[in-house]
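Some structures are shown below for you to check.
What follows is a pair of complexes built around chain A, which joins chain B in one and chain C in the other.
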Partner chain A sequence: MRPASPTRPRRVSLATREALWALAFLAIPLAFFLFIRIWPAFQALWLSLFNWHADPGQRVFVGSLHYQEMLQDPRLGQALRNTVLYTLLGVPTQLVLGLLVALLLNAITRWRDVFRAIYFAPYVTPAAAVAWVFSWMLSPNFGIVNEILGWLGLPAQPFLTSPTQALATVTLVVVWQNLGFQVVLFLAGLQNIPRDYYEAARIDGASSWQLFRHITLPLLNPVMVFSAVIGTIGFLQLFTQVVNLNFNDQGGPLGSTMTLALYIYQQAFLRLNLGYAAAITVLLFVLILVITLLQLRLLSRRVEY
Partner chain B sequence: MLRVLVPLLVLFGLAWAQSPVTITYWQYDFRSKVEAVNELIKRFEAANPGIRVRHETFPYDAYQQKVATAIPAGQGPDVVNLFYGWLPTWVKAGYLQPLPEDLAKVLDNEFAAIAQASRVGGRLYGLPTAVRTLALFYNRDLLSAAGFRTPPKTWDEFIAIAAKLTVREGNRYTQLGYAMAPDGQDHHLVREVLVRQFGGRPYSDDGRRVLYGDAAGLRAFTFYTDWMRKHNVGILGNQFFPGNNAYRDAFIAGRVGMIIDGSFAIGTIRNGARFNWGVAELPNERAGARKVNYGSFWLHGLTPLATGAKREASIKFLQFLTSSETQRYWLEKVGELPARKDLIKDPQLTLDRVYGPFVISLAYAKATPFVDELGQRKVMTDAINRVLLENKDPAESWRMAAAEEQRLLDAFWKDWR
Partner chain C sequence: MKHLVTFSIYALLVLGSVVMFFPFVWMLLTSLKPFPEIFDLRFWPQAPTLENYREVLFKTQFPRWFFNSLVVALLTTLSVLFFDALVGYTLAKLRFPGRNFVFVLILSTLMVPTEMLVIPWYVMSTAYGWTDTYWGLLFPGLISAFGVFLMRQFFQTLPTDLLDAGRIDGLSEFGVFWRVALPLVRPALAALGIFTFLGNWNAFLWPLVVVQSPQMRTIPVGVALFSGEAGTAWNLIMAASSLAVLPVLLVFLFFQRQIIEGVVLTGVKG
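== the complex of A and B ==
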């Protein structure tokens, strides 16, 4: 006698079915991600091994040549240093100012939304327009900023036209533009912190600084990490403001505002060295990946109360 | 049977021959040029019923990027407008195909000499409609108020006028004699004009070697940077005035006595300036010395996408765009100088108070043999800025420039095929 085989139709459990459906829906964004994001990244890697030609049949394989060229390109070195400098200057400034403004806005109840809207406005203004207005305000001879410095008895500054000041000036413009976004993030974070913690701490006699140091700051950590990562990626890819703030000598004066992204753009599309440009995108990709992973590792802390 | 078939075939063949070929023309977005080309296409299509021309334009900032990506994708133009300085780069990367030999003869016989820069490696890759040169724009009102009745003929006169017109109140300038513009046209002025005027040569005849690094070149370069450092002719346009073309905008605002600019600036200055202004040939090193100028142009090239019937139609359209008739229309409509010799000789043009100095300069203008226009422009702009912004020794800055530009030339020619 054969043992009764379990011939009952196989039932898929509800949980599995839900998971399958979820996967089916996820497949669409996944496909998008693979073909629109990941695949071109690999193509760039492939492209970086060739000398560019409009006709794919005539692209000459050069192996690691472009990577060797990168080592001997002082203008690339300058762009790389500038990009790191932008990030080191810009991200902390953006975080500190953003937090400061958010704390102030959190302390008031009247007009908070109006102020928030005002701070947010620059973020939604086109970068080209922002750059244009700033280049007028910062004009060394006729600009309002030097006018104000004059009233204060301070000497006029060359700002964007000086190789030593241009990078910091561009950074400030970018920070000004990003500030609103930063403030909104921090405000949301602040409003998520339960009031009870503060009340309990206050009853125990904690000072305002202690409240900030031991409740606000730790509980804002997730927002902080998010802002730092997004801000860093933004500064590492800086492009539009740099182009528009010195339109006739993009990345100048003397290459002092040149970024990796702008250098890639110029090599690829204005000088048709798409192979070399692809090699630099690989460098930028690695840079962003390493820094982001480091940040996530160093900054993330689980805080529970 | 044959009696039916033959006429049918003939009819079919005729229909096929008549079926319109559509070609695509690309240029960057500049209002008067777009309108002019639209009108020209109408005329061309009326004269060539079998050909349709699609006209597509892009903002200037995005133009090269569009071309760079569209042609490899097979989606781009058949006839494309480009700056002559980009030509070698585009040819090397396979973005253009050579024109037939009979057009090369037309170039040699009928076009201004600077248009020879449409050749790369001995082959012709395009023809221009219009050309441009440099000249001195001056504010007649400011000059005469300071007691100068005529524009300067020599650089010494230029310096004297400019120094007198430069006005400083407290720690700011209210007026400049000359607005320095290294990233405007001054990098051309130094490289092609001053270097030659001081007895040097910017490049070897084949364009593969930088020669301006010698003593004559250095004298020219030092002379230029001394305008600001020693002679007080003015300051950098972009430190004086805001905006993308600060030197030109400041001139239009009536705050600068003189600028050096291309004939392409005539329209903007004419529309903007609310004072009496004039144009003069570039000053010379001394009266009677050999004159030099920098000439440049945009040309129409044939891309590899133009094949078969499209190639034939594209060549026809290219010939039409560079014909005498078109060039005359272009001068009226866009205000750019014609590229054909017979039109340039027209006394109406040479005697014109605005166009005249540019047209006359065309006879002795040279086009820099760029192979990496952006890279070479940066080399020269940076050479000037190192001295003016960082107080670097001119000799050191000039040596660095010559070395860096030679590296760019070598990089281009080393794997030229």
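== the complex of A and C ==
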């Protein structure tokens, strides 16, 4: 190897040099995204057109068969309905509760950081383990929650063992875990609103409700959109809590807590219907895409003051 | 009147805090009770014992699961920090043809849900013999598209003059990145690092799919499968849960300010 000659920089232009560095920096990451993220997405589409077999030579092309099956699969219908229900119940609940706690925190001066930390703590803990804790607390006969309901003179509830209560119960556990994330975002959003706005409006005689309605809410809109989108994507992919809250009858009782993600997992890895499962992941992909785009459109009205 | 309002606010917040924190307390208390005691629902353990922990630690492969989680989370975090910063820097500060295309290409991968990729990853892992290996556990997370986006945002705020000064001092393009640009985005790196670590430490779906043998489980999968077999031995299940939750909770309490500021940083920027 001969050392680079002093004339070399003149032969390779500065722009080419920069492009070559960029290529060197991007080579490994681009390979990663192509082979681990992009190609598998297309492979999922491709697999959805085949009947799965461990030996690639014996995979039979079935075309749109899996997609037709999906239309007639009552358990998939139930999983889809549940998933939508989880989202419709969970996202507004965690938005409203998150905003409420953030407003309370914004109104106090002492202990704010301590409270914020307590509300945020569940968000960092492993969902699988936490779900087991709730599964114990919510146990119908020996759970502390029913014990506390008893002290308050309220009747014991079946919670996760009842087809009518299980979905709402799972939703509440997920909201409990996500709440701190919403609180932290909303609190940061509230603290970003300049105090002058409130002072100016107050001088003009605005009531507290008017301040909230016409200053706080519109200026929090970007944070709300972000939280709603993140929350929706999270609920549409709900899996870990559902599996662990009712581990011996995952998705039960009677399929009442079954989600798309769990159904995909069961079809793919318990029944080894990988082709059918892949077809359902395509549905999940489309669902997430459509809802995210819709939400961004509906909610992101820019507010300028 | 004003005092009453303030008092009500604090009262509400305390009540909420109890709801948020009680599950952890009840988990710990149950984990310290001998089996017959867990069903009489008294608050304090009458005969507190560490026997449950001893049983989980020595009769399962919990120490190994802890080690596995640590290896996977640490290696993934290091890889994400290095590559995401490098790509973010390249997309923010270097000019080259196709820059926007590359950026959009990487961002577009964010739209694909993990569930859709898990099946091809599984097919890939069985074909290449990656199941039950550390590589199998960590390959899907080695670079994060969200992190690339985040780091790019931060690098864009750096003045180009500063980088040019480095170039004039004779640093190579990598030297400029490593010695000049990287130290200036430390807060973003800290936030990204913490979230990558936590995300991988707590991950459940992929480790459940790619691992078959008990000794390659990560903590969440290990604890879930152990609990599934423990029946009504809630004292053991709560001990296992405590072993999974407490380290994370301790780290959080220690670094809570940085972690929460990290959420704000990523949430507001991203």
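Everything that follows uses one rule, which is that the second predicted complex is superposed on the first by the 270 of 305 C-alpha atoms of A that agree within 3 Å, B and C clash if a C-alpha of one lies under 4 Å from a C-alpha of the other, contacts with A are read in each partner's own complex, and residues count from 1 in each chain.
Quick note on the criterion: a contact is a pair of C-beta atoms (placed from the backbone, for glycine too) under 8 Å apart; a residue touches a chain by one contact, two chains touch by 3 or more.
The shown structure was predicted, so the numbers you read here are calculated from the model rather than taken from an experiment.
Because the two structures share chain A, they can be overlaid on it, and in that overlay chain B clashes with chain C. Once the two complexes are overlaid on the shared chain, A:Ile38 sits against chain C while remaining clear of chain B. Applying the stated contact rule after C-alpha superposition, one finds that A:Pro163 touches chain B and leaves chain C untouched.
When the two structures are aligned on the shared chain, A:Pro155 is found in touch with chain B, with no touch to chain C.
Of the two partner chains placed by superposition, chain B and chain C are both touched by A:Ala268. Once chain A of one complex is fitted onto chain A of the other, the partner contacts of A:Ala117 are limited to chain C, with no touch recorded for chain B. When the two structures are aligned on the shared chain, A:Phe247 is found in touch with chain B and with chain C. Of the two partner chains, chain B and chain C are each touched by A:Trp136. Legend: residue contacts after superposition of the two complexes on their common chain; A:Asp55 is shown touching chain B, with no touch to chain C.
The wider contact with chain A, measured as residues touched, comes from C rather than the other of chain B and chain C. Residues 54, 136, 139, 142, 243, 247-248, 265, 268-269, 274 of chain A are contacted both by chain B in one complex and by chain C in the other. Interface of chain A with chain C (complex): residues 15, 17-19, 21-23, 25-26, 28-30, 32-33, 36-41, 43-44, 47, 54, 101, 104-105, 107-108, 111, 113, 115-122, 124-130, 132-134, 136-137, 139, 142, 144, 147, 176, 179-181, 184-185, 188-189, 192, 223, 226, 233, 236-237, 239-240, 243-244, 247-248, 260-261, 264-265, 268-269, 274, 277-278, 281-282, 284-285, 288-289, 292. Those residues of chain B that touch chain A in the complex are listed here as 61, 64-65, 68-69, 71-72, 89-90, 92-95, 171-173, 182-184, 235-236, 238-245, 304, 372, 374-375, 378, 381-382, 385-386, 389-390, 415.
Residues 6, 9-10, 12-13, 16-17, 19-21, 23-24, 26-27, 30, 38-39, 41, 83, 86-87, 89-90, 94-97, 99, 102, 105-106, 109, 111-124, 126, 139-140, 142-143, 145, 148, 173-174, 177, 198, 201-202, 204-205, 208-209, 219-221, 223-224, 227-228, 234, 237-238, 240-241, 244-245, 248-249, 252-253, 256-257, 259-260, 263-264, 267-268, 270 of chain C are the ones that touch chain A when the two sit in their complex. Of all the residues in chain A, the ones that touch chain B in their complex are 51-56, 58, 60, 135-136, 139-143, 146, 150, 155-156, 158, 161-163, 243, 247-249, 252-255, 265-266, 268-272, 274.
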